[in-house]
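Look for chain A in each of the two complexes below; its partner is chain B in the first and chain C in the second.
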Partner chain A sequence: MKKYWRAYLISLQETLQRRSSLVMDRLGGIAVMLSLYYFWKTLLLGRTSFLGYSYSQMLTYVLGMNILRSFALTGRGWELVGEISSGKISSYLVRPLSYHGYALALDLSQKTVHLFAAFFEIGALLIFFHPPFYWPKSILSLFLFAGALLTASLLFFFLEFIVSSLAFWTSESGGPLFFFELFIQFAAGAFFPLDVLPRFLQKVLSLSPFPYLVFLPINIYLGRVGEGRAFQDLLISFVWTAVFGATSVYVWRKGLLSYSAEGG
Partner chain B sequence: MKKYLLVWWKMSSMSLMAQVSHPLGSIGFLLGKIVRVVFFFAFIIAIFRHVKSLAGYSLEETALFFLTFNIVDISAQILFRGIYNARRAVTEGDFDFYLIQPCSALFRLSLTTFDFLDALTLLPVLWMTLDILDRLSVSLFSLRAFLYLLLTLNAVAIASSFHIFVAGLAVRTQELENTIWIYRDIMFMGRFPSEVYGPMFQLFLTFVIPIAVMTTFPVRAFLGLLSWKWMGYSFSLSTILMGASFWFWKSSVRQYTSSSS
Partner chain C sequence: MNAISVNSLQKEYQVFNRKPGLWGSLGSVFWREWNKVKAVDSISFQIGEGELVGFLGANGAGKTTTLKILSGLLTPTSGQVEVLGFKPWRREREFQKRISLVMGQRTQLWWEIPAQETFRLNQAVYGLSDKQYQESLGELVEMLELKDYLAVPVKKLSLGQRMRAELAAALLHRPKILLLDEPTLGLDVVMQKKVREFILEYNKKWRASILLTSHNMDDLTALCPRVLILEKGKLIYDGNLESLIRRYAENKIIKIVFEGDVSASKIAALGGTFDSQKTTMLVSVPRADVSKKAAFLLSSFPVADLTIEEPSVDEIVRKIFSKT
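Let's look at the complex of A and B:
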């Protein structure tokens, strides 16, 4: 466990070292957040609610998206593709560590930095724009939200790991990963709440793991999901995470069997 | 001119062959680009099932803002795909070869990597735009439609000037990574009419980072909501930005001392 903790700390230092890359990454998130914040603010002008969301709930959804995007929807998919394609993973295979554990440690370090940055950005927005912010009615909602946030992060890690592992079989895995990253943002509710979509699309998506990445955690925070139902959803989210966790290990093992690398 | 067309044709053919020879990757990228357009479009339509207007604009008008943003954004990507690799071209030494070739280094760096996947994405966007323009009951052969076309081309010129600035920065600093992504990220705000952003941000998007000029002005002109004064501003801005970007590019190349071995 200690070696993964070390990997986490080193990666944390590395991420903080590349400050210009971090700032550029965050600028993109800020532009999306501001754009959607103003969009919903304008749409809700003169209204008290929209699709069951109060004014403060909808604007908090937008701010919440920034946190979920930073903590759940960031990953190292492109790095993994690069490491497999270039043969760099060979050096990890001979080390006494699990690649899954190592990748998770690096992933968490990146997410830690982005999470703090997201909180800072939201704080700045609250100070400068004074949006009506929704605070959860019970402390239990906060705990449930934290649980859903952690599960969403793990779920995305495994999903992205599976898609990136395509690099074991093809040198063209960048295309599927690009599609996956864009599709998941819409399907998870990272641009708009899924309630906006037609009912049949909502039903289709509710059968998939995607809403558990952004839409559900924010709805738990906003108290739009009762505590009993939140526990139930959290359990389903755990199950999805376990299923995709096991699948990613299986895909990784299969991939290693077909992996070959030459040179030093 | 003939020489440039020939070089462009040769390089674009090679780009096409590279994309065709990687079908899985190309299909993934193409689907991703289409998903981005279709989902946002579906979002706007879904929103208008519950509201009648957004910042005073109807569904068709809001859709036209979104589609115009896509036309400008995708056109710039089709033309200037090479800029995305500008820093790599400089640090790995490819740029040194561009400089000794008998054609413009800027042309070689930016315009010769034609992206067919973006071109394929643009086709349905253009088709949807024509459909929306038709629904807005303004003749496609009217002055308003002509001004829309002119201001959209003007927006592509402004986007081009930003890309030339970024190419100049890559040559000048060699360290400025992902500058183009800042432009792309800020361009996200162009998906909606600038009225959405409130007076302060509107000023910012009109005078500081002129996204409103690029995506909102053409539609306002089509709807008859843009005065001649603003049109004049729009064309003057693109002329100044183009001139400045070319000046910056030339100055960057003059200071270039080769960064690779």
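Let's look at the complex of A and C:
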């Protein structure tokens, strides 16, 4: 375990060292958050609720998206693609190290930095704009939200790992990763709550793992999902995570086989 | 027991034929013709404990492929390979703790932060106790003269400093087998010498077996009593370096820089060629006549500088290949 903890720390240092990329990244996130904030604020003008969301719930959804985007939807997909296609993964493969564990440690360190930044940004927004903010009714739903957040970030890690691993077979795996990043924001509810979509699309998405990334965690926080139902959702989310975790290990092994057959 | 033992090793790659033009590219989306390329063709060799061996060959001869197989990155198509009694491609932890692969053009150092952070990471990766780590690090820092650079971000280091830090990161766990791919590539002469001295010292001190590829003749003459030469995947020479040089490098190269203008006709009579900058003249002279020729040049021409060099490895290799 110690090696992965070291990897976490070293990556934390490097992320903090790259201040300008971090700031740019955060500015992009803030722009998305602010535009969605004003969009919903205008839309809800003169209404008390919309699609079953109260005014404060909807604005909290937007702020919550910033947390989820920062913790669950950030990853090292592009780095992984680069390391596979440039052959840099060789330097990990010759060392006594599990690449999965190593990548997860690096991923978590990035998420840590982004999560802190997101809290800071939301804090600033609360102080300067005084939006109506929804506080959960019970401690339990806060815990359930924390659980859903952690599971979501693991689930995203595995999904992104699978898509990035395509780099083992094609030099053009940037394409699928780009599509994946955009699609997942839509399908997870990171642009708008999924209730906005037509019923049948909602139905289709509910059968997929994507809503467990953003939409469901926030809905648990907002108390729009009963606690019993929240437990059930959390369980399904675990199952999805396990399924994609196993798939990512399988794909990685296959990829390594092809890598060691073809060279890199 | 041999540290490395390779028998009838073969490695084939599949490469697809690219067709020219837009239609060819479009066509390749739907169907591809695959070709088999033999990167390593039935080679066998043994390397003993503490041996230092040079690997020679033109680009694409199969050197790096062989190093990758020995380090466990590639699976052989057929043949037997054993390194310290392990099958490398199984990538067992115990095996990985006893080898190291350094590729001159690739770095394992973290770019934005000081090299000592990568060292600490490797301490954890290889499971070294604090005592082992401090001992090993202290020794490497001294041998590689790294003391002043430990706290400097890697991106701010010169190429030579970075290469030395790279070696330190790769050797903290004191591997018994060291595979080096072009360790002196891009380094200046002083730095090359330092790196060579270090490799020799490490080899002597820990009786590590070292296999290195290089295009630099000085690397090989200074380090490797024995060389292996690969051509198109086949092992065409395995033996003493000196006898190889005697056999194939019959000539040495005299390099002359003239002082002021020398008449073109006189120069033409020497039978040499000018380098691309037109400042230095190169004359190829049989080994036995070198001193006589040098004396003649110095007495009959206004010479600003004169050096006598071995022909480059590439040249010798070219010669060997043209005779096989």
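Just so it is clear, the second predicted complex is superposed on the first by the 259 of 264 C-alpha atoms of A that agree within 3 Å, B and C clash if a C-alpha of one lies under 4 Å from a C-alpha of the other, contacts with A are read in each partner's own complex, and residues count from 1 in each chain.
We take it that contacts are C-beta pairs under 8 Å (C-beta built on N, C-alpha and C of every residue); 3 or more make two chains touch, one makes a residue touch a chain.
Bear in mind the structure is a predicted one, so any value in this text is a computation, not a measurement.
*Asks:* Should chain B and chain C be called a clash or a fit once both complexes are overlaid on chain A?
*Replies:* By the criteria stated at the top, chain C and chain B fit after superposition, with no clash.
*Asks:* Using the superposition on chain A described above, determine whether A:42 touches chain B (first), chain C (second), both, or neither.
*Replies:* After superposing on A, A:42 lies in contact with chain B but is clear of chain C.
*Asks:* In the superposed arrangement, does A:96 touch chain B (first), chain C (second), both or neither?
*Replies:* second
*Asks:* Just checking: does A:208 make contact with chain B only, chain C only, both, or neither of them? Give me first, second, both or neither.
*Replies:* neither
*Asks:* In the superposed arrangement, does chain B or chain C reach more residues of chain A?
*Replies:* The partner that reaches more residues of chain A in the superposed model: B.
*Asks:* How wide is the angle at the Cα centre of chain A, looking out to the Cα centres of chain B and chain C, in steps of 10 degrees?
*Replies:* So the angle at the centre of chain A is 80 degrees.
*Asks:* Once the shared chain is lined up, is A:138 touching chain B (first), chain C (second), both, or neither of them?
*Replies:* Neither partner.
*Asks:* Which partner chains sit in contact with A:232 here, chain B, chain C, both or neither? Use first/second/both/neither.
*Replies:* neither
*Asks:* After the superposition on A, what does A:178 contact: first (chain B), second (chain C), both or neither?
*Replies:* A:178 contacts chain B only, not chain C.
*Asks:* Just how close are chain B and chain C at their nearest CA atoms in the overlay, in Å?
*Replies:* In this superposition, no C-alpha atom of chain B lies closer than 5 Å to one of chain C.
*Asks:* Spell out the part of chain B that touches chain A in their complex, as residue ranges.
*Replies:* For chain B paired with chain A, touching residues are 22-33, 35-36, 39-40, 42-43, 46-47, 50-51, 54-55, 177-178, 181-182, 184-186, 188-189, 191-192, 195-198, 201.
*Asks:* Going by the contact rule set out above, which residues of chain A touch chain B in the complex?
*Replies:* Counting only chain A, the residues touching chain B are 20-21, 24, 27-28, 31-32, 34-35, 38-39, 41-43, 50-51, 170-179, 181-183, 186, 191-192, 196-198.
*Asks:* Residues of chain C touching chain A in their complex?
*Replies:* Going through chain C, the ones touching chain A are 13-14, 39, 65, 68, 71-75, 89, 91, 93, 96-97, 99-101, 103, 106-108, 110-113, 117-118, 120-127, 153.
*Asks:* Inside the complex, what are the residues of chain A that reach chain C?
*Replies:* 2-3, 5-7, 10, 13-14, 17-18, 87-88, 90-91, 93-97, 257, 259-264
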